[in-house]
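Right, I'll just put the structure down here and ask away after.
Letters are used for the chains, namely A, B, C and D, taken in the order the chains are written, and counting of residues starts over at 1 for each.
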Amino acid sequence: MDCNQIITGIYQEVKASSPDGKVADYIPELAKVDPDKFAVAITTTKGESYAIGDVDEKFSIQSISKVFLLSMAFSAQGEELWKRVGVEPSGNPFNSIVQLEYEKGKPRNPLINAGAHVLCDVLLTELEDPYEAFLDFVRKLSGNRSIEFNEKVAKSEKISGFRNASLINMMKSYGNIENHVDAVLDFYFHICSIEMTCKQLAKAFLPFASLDQPFDYADVTLTRSQIKRINAIMLTCGFYDESGEFAFEVGLPGKSGVGGGIVAIHPNQYSVATWSPRINEKGNSVFGMRALEMLTTKTENSIF
Amino acid sequence: MDCNQIITGIYQEVKASSPDGKVADYIPELAKVDPDKFAVAITTTKGESYAIGDVDEKFSIQSISKVFLLSMAFSAQGEELWKRVGVEPSGNPFNSIVQLEYEKGKPRNPLINAGAHVLCDVLLTELEDPYEAFLDFVRKLSGNRSIEFNEKVAKSEKISGFRNASLINMMKSYGNIENHVDAVLDFYFHICSIEMTCKQLAKAFLPFASLDQPFDYADVTLTRSQIKRINAIMLTCGFYDESGEFAFEVGLPGKSGVGGGIVAIHPNQYSVATWSPRINEKGNSVFGMRALEMLTTKTENSIF
Amino acid sequence: MDCNQIITGIYQEVKASSPDGKVADYIPELAKVDPDKFAVAITTTKGESYAIGDVDEKFSIQSISKVFLLSMAFSAQGEELWKRVGVEPSGNPFNSIVQLEYEKGKPRNPLINAGAHVLCDVLLTELEDPYEAFLDFVRKLSGNRSIEFNEKVAKSEKISGFRNASLINMMKSYGNIENHVDAVLDFYFHICSIEMTCKQLAKAFLPFASLDQPFDYADVTLTRSQIKRINAIMLTCGFYDESGEFAFEVGLPGKSGVGGGIVAIHPNQYSVATWSPRINEKGNSVFGMRALEMLTTKTENSIF
Amino acid sequence: MDCNQIITGIYQEVKASSPDGKVADYIPELAKVDPDKFAVAITTTKGESYAIGDVDEKFSIQSISKVFLLSMAFSAQGEELWKRVGVEPSGNPFNSIVQLEYEKGKPRNPLINAGAHVLCDVLLTELEDPYEAFLDFVRKLSGNRSIEFNEKVAKSEKISGFRNASLINMMKSYGNIENHVDAVLDFYFHICSIEMTCKQLAKAFLPFASLDQPFDYADVTLTRSQIKRINAIMLTCGFYDESGEFAFEVGLPGKSGVGGGIVAIHPNQYSVATWSPRINEKGNSVFGMRALEMLTTKTENSIF
């Protein structure tokens, strides 16, 4: 395939389509982004890259960070990790606190908020300076030293983060949080606040597609088998209550964030990142979903 | 890889492992099976086959039938089908009637009981003789004319099938069942009652792996894209509340049945069927899960 | 108090108020009633009676029948009954099947549908001719031999009663229904179909207020303590998800039906019945609730 | 009746009965109480008092305080209050956070924890010094100036109060908490920490039975109608998931606390308080329930 041509075609077709969805506005910092931004960046395991649109502009990657977090916690604890967090899709259109209570404080998977809280708690216990370690890991993955937390975003999230506080206190009541609730929330809101460009994201996720390469970045090492498992979790749990839909329509492991970013990988082939701030009611970027569906439809090349 | 050798090794290692789980006993017909039966059969897209153990013995495939059912309904209605059934994992450790009510009678996906009831209802409406059409389809897929319903099993299920009756009446109250409740249940219990051998199952699922071949059996035709979507649904929803676990451990689309059978496919590579009647508390064959996990671990070759 | 004057005042004030709510229309027989019908009838333990409005017109008493059913089952089984049905309010705005599943097929109380199904099942087991016995009991209570089932209503309910069928099959799956599901549903829909006038209802409930009189009607005998317990259940569970509201606003034990009837009793003082077909979204008669609230406010005389 | 004799008889019979249940031990201060303590105190609206057992010993009244809190908040806001908290029983055997989420942060009633949090929030907003005002009110009600918060208990509760923190953060996320989460929790744990004797409790609840007396204590005024409504709420919601059982067995409005105390009132007749630290799995004192059931059975005199 002429990848460049395909990406350009998809970009133009999607950009011309109906601008459905709306920008996340629960904190001021997210609300003020230009809704018309749109970017697609792809990097192949053979080293080729194609990018089009606002691919060099930084945006708030939000929940996409959970994959970095998962990688660090899985590297730090190995199979132990699964005693405190499951690997099943949450399948719950309403909030996960119901299941959290039903399952006695063990979150369904690492990519829902409650699961990420547990992973944050793990890193706070395991690492001396988890904030620095997290930045270090993401910087190494993306090959870019300028990646930073956005303190303003982190603070805004914390101020209005009562639902997260509710979840984490529930888990604490079941003994599944070791550190102080506020310390865990602080770290959680920081990791969600980092900003990256589409190009950086595509690069940072390439190692999840490059199964033949060793995964070793800033002391985070993962075996081939562990990478495959992270990919499996992305596929079954990466898109909130739309994970089945994404697997069905796109057919790739991936992860979305309310900032409008989406990343996906095709094992042994490529990683791809999209950004468009308008999200649907499930929290996933409308243009991003469309672009990725076209990509696997046109290339007839999902993992299924 | 020397596939034969790998399969033999796995078979022996699993057979020697701890015989956990217990035979399903909610109907007499399932309870009287020999718990020590064990079989593994694999068929590759290149035409090779390997089989070991009780591979020529018929057993009740139960929920595995839902994939055949889904294929027929998807072929018959195309995208229309998704108005009446979703594609999201159910993610519910307890029974799905809670979500069924919350989502106003639309089942989460076609591979939970409620979803299969809707598919049965679809076929009862669409086809003149759905019973015959179903047998015909499975016979063509597996290349075996002897496949039959087990009337005794179907009747036993019906007699004790109050939970299924509860689900289907709930959907009927929301208008998502067109035919008479008893007619739908009758058909449902019949399709779950068919008996096949591991060899037949492996052969019957090969077309889901053979993406380059046309799918056309007994008037059931599916496009490449439709097959991929069925595969995606198998991956995210094929193992009840253990679907994430299977994706995580095995990494292949598949489907299990309480009779102890499991099938899985690797797109463009192979289909595999296992049978061991001891099931875990989630309803999945213990030996089958083990064997398939070993298969993808040893071959380092899941879809992720 | 001049009871006659108070009742007349209330009747006129409510009749002139905003006609909120709408007639139940899920079966044709209920839908065709004149929405402007309104009646209030009161009978005191001293033998006085006051009635105003359409007090001699029969209407479908629906769920009010559950109190008769409870009386018969409690008389037949005594404390044994509470092994199969609880006495706690259901407190659930959406359908009770969730709790029914959570509590393994034991309904929360005898006045929700599932609870009444269990009571029907009890009478089918205990009595030779439960249909006749039921009519006999209600006729004796109300002193009127003309009370009958409305077969058309019973049949209509059955045809569209899928939600009831869902509930009862769920309980059957847990072993809490002994008789055939259809037999139980048939009996249930029959007892809900009886028609009575407001005057008859007031008279039929007077024995629940007359604690100093023996309760003995057509072989149904209840001790003073048992009557008090039925009254307690009416107070905590008699108005679906508005039971607390009724206790709060009216402060009397009572029971409503979707046909627009309400009965309430003040122990040692009176029984009162109202009828107005317009019901609110919780299924309770709007005018009836208003009239009863005025009654206890004006007389400053609730049980609290 | 010879009240003194009845109370003495009940006390002795219960004291000799099987000592079921166990002392609440989730905080050290509650765990170290002598499990054999038992006291019954009754005060009639005619001014008579009877007391037997450890009636002058202070204990932690815990949730009984919620009735004082409700009185203050209802007095301060009148009907406005019901916009933020309901009057329906919660009817939920497991934790109320499920319903809290389903009903968008509005608690079912003022006597569950979440409801009490909202009332605390109301007083924090309405009053200048809510802590002092609360003590003042309870001191006036009970005619005892020595009543105090137990700071050690309040602090212990706070340290382990993650479930309460979860509930209150959930409500905050829906905008139903105005003040800082920690400020509300602090106040809540303080009001639950006050200590009273059985005699003081009986006296403090007498005004809820004395419907012919004006209710005016330390600026907290309630109309007769408001008192009756508080009594109605106690009856339908005062005993967690055993409220129906208490109404059924005892038939009086009342409130229990995990410290082993129970109060109940019979309108226009008496108030009664019991204390025995062993509680059942629902959180209600075993001996207290028994004693109160005997009281209304022997006197044949519940409100029903």
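Convention: a contact is a pair of C-beta atoms (placed from the backbone, for glycine too) under 8 Å apart; a residue touches a chain by one contact, two chains touch by 3 or more.
All values reported here derive from a predicted model rather than from experimental measurement.
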By that same contact rule, can you tell me which chains touch subunit C and subunit D alike? none
Comparing the two chain pairs, does A-D have more C-beta contacts than A-B, or is it the other way round? A-B
Using just the Cα atoms, superpose subunit A onto subunit C and tell me the rotation angle to the nearest 5°. 180
Look at all chain centres (mean of CA atoms) and spot the one farthest from the centre of subunit A. C
Subunit A and subunit C: spacing of chain centres that average the CA atoms, whole Å: 55
Based only on mean CA positions, could you tell me how far subunit A sits from subunit D in angstrom? 47
Roughly how far is subunit A from subunit B, going centre to centre by Cα mean, in whole Å? 32
Specify, in ascending order, the residues of subunit B that touch 2 or more different other chains. 94, 102
Which of the chains are touching one another, listed as pairs? A-B, A-D, B-C, C-D
Quick check on the complex: what are the subunit B residues that touch subunit C? 94-95, 97-98, 101-102, 162-163, 165-167, 169-170, 172-173, 181
Contact residues on subunit D for subunit C in the complex? 86-94, 99, 102-103, 108-109, 224-225, 227-229, 231-233, 235-237, 241-245, 247-248, 251, 253, 267, 297, 300, 302-304
